[in-house]
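Structures for review follow.
Paired with subunit B in one complex and with subunit C in the other, subunit A is shared by the two complexes that follow.
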Partner chain A sequence: MKVVYPHMGLMWICIKAMLEYLNVDVIVPPPSSKKTLLLGVKHAPEFACMPLKLNLGNFMEAAELGADTIVMAGGCGPCRFGYYAHVEHAILRDLGYQYELVVLEPPQKHIGDLLDKIKQITGQQSWRRVINGIRFGYHKAEAVDKLERMANYCRPRETTAGATDRALQHALQEIINVAAPEGLPAALQRAVEIMDAIPVDIHRPVLRIGLVGEIYTLLEPFANQDIERKLGSMGVEVDRSIYLSEWVNEHLFLGLAKNTRSSKLVKQKAIKYLRHFVGGHGLETVGSTVFYAEQGYDGVIQLLPFTCMPEIVAQSILPRVSAELGIPAMTLIVDEQSGEAGLVTRLEAFVDLLARRKQTEEALA
Partner chain B sequence: MYGYLGIDVGSVSTNMVLTGEDGTIKHSIYLRTQGKPIEMVQQGLKHMQAALPGKLKVIGVGTTGSGRHLAGVITGADIIKNEITTHAIAASNVMPGVQTILEIGGQDSKIIILRNGVVSDFAMNTVCAAGTGSFLDQQAARLNIKIEEFGPLALQATVPVRIAGRCAVFAESDMIHKQQMGYNIPDILAGLCEALVRNYLNNVGKGKEILQPVVFQGGVAANAGMKAAFEKALGHPVHVPSHYDVMGALGAAMLAREATNRKSTGFRGFEVADRDFKAGGFACDGCPNVCEVVEIMESGQVIARWGDRCGRWSNALTQQARIS
Partner chain C sequence: MSVTVGIPRALLYYYYYPQWKTFFAHLGVKTLVSRETTRGILEKGIKSTVDEACLPIKVAVGHVMDLCDRVDYIFLPRVVSTARREYICPKFLGFPDIVRNNIEHLPPLMDNSIDLYRKGSSLYNLFYSVGKEFTHNPVRIMRAYQASMAALNNHCRDMESGRLPFETCDSNRHNRQDQDVGVRDVTIAVIGHPYNIYDHYISMNMLKRLRDYGANVVTADQLPEHVFRREAEKLPKQLFWTLNQRMVGAAFYYFDRPEVDGIIHVASFGCGPDSMTGELIERFARRESRKPLLNLTIDEHTGEAGMVTRLEAFMDMVRWRRQLDYVAATYY
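Let's look at the complex of A and B:
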């Protein structure tokens, strides 16, 4: 059995660590690229959102490397993602791929089923070892998140262009190389030292923007055309409303790990504007916008894949949040387009808007 | 005598403006880009040089528009800025206190909302070009009317005909239908203007608060019929500045003045009009993204590159030409 799972940003680092610790053979698909998207677009239904197309492309590319079993998360709507594993499997079968499918449904509804599925992947491993493996993956996710946060801090303040991105690659490599839980703290230490060594100008004035929206487009740089790096080089410190470890903790551990920013808080913030679960991260998008406004951020950018229903609901609420709390918000919809000029123009104009606004505010204060 | 040069390289037109130290326009040039941005920038520079007194010295250059990076590299610009910012800067200088800018160009249209002199919100048309200058051009050509006559004719209308404005294809078939029913041309043209304005306000202006004073600029602002249609739909006067067609370039010149406040210009002189620039490109084979990398060559030497996601090519150049 050679297991493959779709890409979503740096998630592959954590899952690979977990599965290999449990002696499962893993095939990591090549990073999502235009070729991946092309394959997906060709075979996926036109009206599906971009994540489905990229997943499909990932699986097709992984098949060439010998993968034979798909592991994917499920879900129970209203976001269509919950059904994607099955749709993708059916499309692949029609195309003649011989894939086994293992769908991990959320534990709230199907705890027994989830445990069965885990056993199916991990075979005769003891539960104790399985738990250690999951914990190992989770700690890697925390490490990766920490490094990404450090990069987001350094990028707008770096004194040599590109220094942060180079350091981040080295630092991530330290985390990737660790094969056993015992080695992780020391590796993280080394990685943090690499990031700390980036020469930065801590007095440089920067703008702060919160990124909110749909999880896949937030986490996958190929899908959002590297928005964090682009904003960073424009002198913006970026914070994401969703980090991998937080999401894993909320959804897979049911909040068992303590001391993380919880989505419960964010949902409370949304209450004034939206009282319903609308699927996906629609509710979190509204709540996080309120959160960023309260934290004194200069602006918010919402990201969503074209046709994403939960985020469309949130999008229609954001103008009111923005007007009432005085935080500029811009929505960017991503799809197949690979031309960057349109995105860069909008980002530049938005950053200019925030910078001028801040200048005037400071002049008045 | 000193001056600032602003260059706006758009999809349809390439505009240049030279302002004096006080920001007044000394000379402006409007050229059709015709898909040849490098040539047009060079041609514009030649025209500009010929029109100016020999002792004038350019002490700042700014570029804007979708070809801003290209123009910036060629001229050695001090500032390369997106068109939303430059349009807003120009309008608020021409009309202090402006709160809404309606801008319709050849291929795109945008709305910019200003409050207290600062851009507070903006939107651009996304995919549909139904409400832009190219469509008006096309319809005028179909009716065999010079685009300059379009506006005055539309103003003669007594009963503007209702035309579907949501999509250029629907609008065209609707127009043909009405024309075959015997409606006269002025009424159809006025109807088309009203349809475009409706489409613009719904699609680009979507829910934004349009407060006075309103400035209407971009190439389409030349069309008096469009101005009248906006005034009718908004219920208050719409102001078209005298240099409505070069506002982006004007804003770029103004920003160049700001950018060269405490430093000398990077302007490479009008001589660049005679140098040999070539844009080339290749597909990078470093990874499956196969990025289409663009290279700008001057006399056989690469002076700028962009288009690569990872920075492998654009960062390899030691020169300053970093793309903002």
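Let's look at the complex of A and C:
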């Protein structure tokens, strides 16, 4: 059995670590690219959202590398993601791919369903080892998130252009290379040292922008055209409203690990504008915008794939939030038609506006 | 003093209007339904919603705006869930907030939730919280609630006996659809969301057109609940969208019926659930059935001529296909 799972940013690092620790054969699909997207667009339903198309492309590319089992998360709505696995499987089957499908989702009837599926992947491993594996994956996610946060801090302040990105690659490599839980703290230590060694100018004035929106487009650099790096090189410190480890902690561990940023606070902040959860990250998008406004950020950018339902609700509400709290908000919608130049132009214009606004405010103060 | 409650002629109006009307009537509250969809209403809706929203949402916003100046309250329940462990769609969940944050000078909204997601929840919660606004007498609310449930049951039975929702919703319509005459030699199943296929403007009178072409039209709403739920179980995983469950179940059912000659699937552009279930229906049709399937996507730019051409071509194909089948059956 060779297991494949779809890409979502750097998630592959954690899942690969977890599955390999459990002696499962893993095939990591090639990083999402134009080719992946083309494959997906060709066979996926026309107005399915972009993550589905990329997932499908990932699976098709992985099949060439010999993968035969798909592991995916499921869900129980109302976001479309809960039905992704089955639609993708149906498409792949009609195309002649022989994929086995294992969907990990909140069980409909009995917790045993879920446990059976985990056993199906892990084989005869003891539960103790399975739990250790999951913890290992989670800790890797935490480490990766920490490095990404450091990179977001350094990028607008770096003294030599590109130093941050090079350092981040080296640092991530340290994390990727760890094969057992015992080695992780030391590796993280080394990685952090690499990041700390980036020469930065800490007094340089930077703009701060919060990225909110749908999780896949936030985490997957191919989907958002590497927006964090682009903003970073324009002198913007970026904060993402969703990091993988926080999401995992909240949705899969039900908040078991303490001392992390939780979306509970954010959801409470959204209540004034949006009084009910709407699936996906719609509520978090509205709440995070309020949160960033309160934290004194200079602007907010919302990212969503075209036709994403929860985010459209949030998008309808953001103008009001933006007007009432005085925080500029821009919505970027991505799909297979998105062009890089168009994105860059819009980002530059937005950043210019924010810089000018900040200047005026400072002059008045 | 009598207050007027406005009910937009959009979204789940087609399923629940008789119930809502009965409920308010028993409380002595006047109800006013927004006018039928027109270009004007749609334009208003388009102007006040984000571009990416789907057509039904834009139309619904237009209907709310149509009511704005004419009523004391707008009844706009937040439709979270109408069946256990199922939702409608994220946009329905957030619809009252979309309206509140995009339209100025709104009368008070009654956006109490319809939420049957959990075991043991009941529609009574909605009606009690709405009724409280108008009367302090819980017995009166209870009576009105019971009458409204009876009305809802009647409405469902009416639909199952073959009438379409708009025919039962207002019985004095000037152009009653069942009055046209002519031979109907084929049966076409139209599968789509109620607010797309029953709205004359949005669907460009599709049902009437099909009847004029000599087709007997059946829809998903004429199937009893247990039938489409049973059919929908053919899917590998139970769908969590109630309306789409009905559509998929009905499509599977009609593909199996020998008297149904063709199926039309109507989706609005950018509809999330439809993008998934439309695909599943299409793949099912290709694999398991020889019946013609027409996939129609509608949005605010839909041109009438395009629709007519495709419907006519589809009808021709259905008849032609049937003839071929007949010939094949006779000679081989």
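Throughout what follows, the second predicted complex is superposed on the first by the 358 of 365 C-alpha atoms of A that agree within 3 Å, B and C clash if a C-alpha of one lies under 4 Å from a C-alpha of the other, contacts with A are read in each partner's own complex, and residues count from 1 in each chain.
The rule we apply is simple: contacts are C-beta pairs under 8 Å (C-beta built on N, C-alpha and C of every residue); 3 or more make two chains touch, one makes a residue touch a chain.
As the structure is a computational prediction, the values presented were derived from the model and not from experiment.
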Clash or fit (per the criteria above) of subunit B with subunit C on subunit A: fit
C-alpha centroid angle, subunit C to subunit B via subunit A, nearest 10°: 80
First, second, both or neither for A:Pro199, with subunit B first and subunit C second: neither
Which of subunit B and subunit C A:Gly123 touches, first, second, both or neither: neither
Partner chain in contact with A:Arg357 - subunit B first, subunit C second, else both or neither: first
Touching partner for A:Gly66 - first (subunit B), second (subunit C), both, neither: neither
Touched subunit A residues, subunit B compared with subunit C: C
Partner chain(s) touched by A:Pro45 [first = subunit B, second = subunit C, both, neither]: second
Contacts of A:Gly183 with subunit B and subunit C, given as first, second, both or neither: neither
Subunit B and subunit C, minimum CA distance [Å, superposed model]: 5
Contact residues of subunit A, present in both the subunit B and the subunit C interface: 319, 333
Sites on subunit C touched by subunit A in the complex: 49-50, 52-53, 78, 80, 85-91, 93-94, 96-98, 101-102, 111, 113, 235-241, 269-273, 275-276, 278-280, 283, 286-287
Touch list for subunit A against partner subunit C, complex: 44-49, 74, 76-80, 82-83, 86-87, 89-91, 94, 103, 108, 273-280, 282, 306-310, 312-317, 319-320, 333
Complex contact set, residues of subunit A against subunit B: 30-31, 33-36, 161-162, 165, 226, 234, 319, 328, 333, 341, 344-346, 348-349, 352-353, 356-357, 360
Residue ranges of subunit B in contact with subunit A within the complex: 66, 81-85, 116-122, 124, 126, 207, 287-290, 309, 311, 315, 322, 324
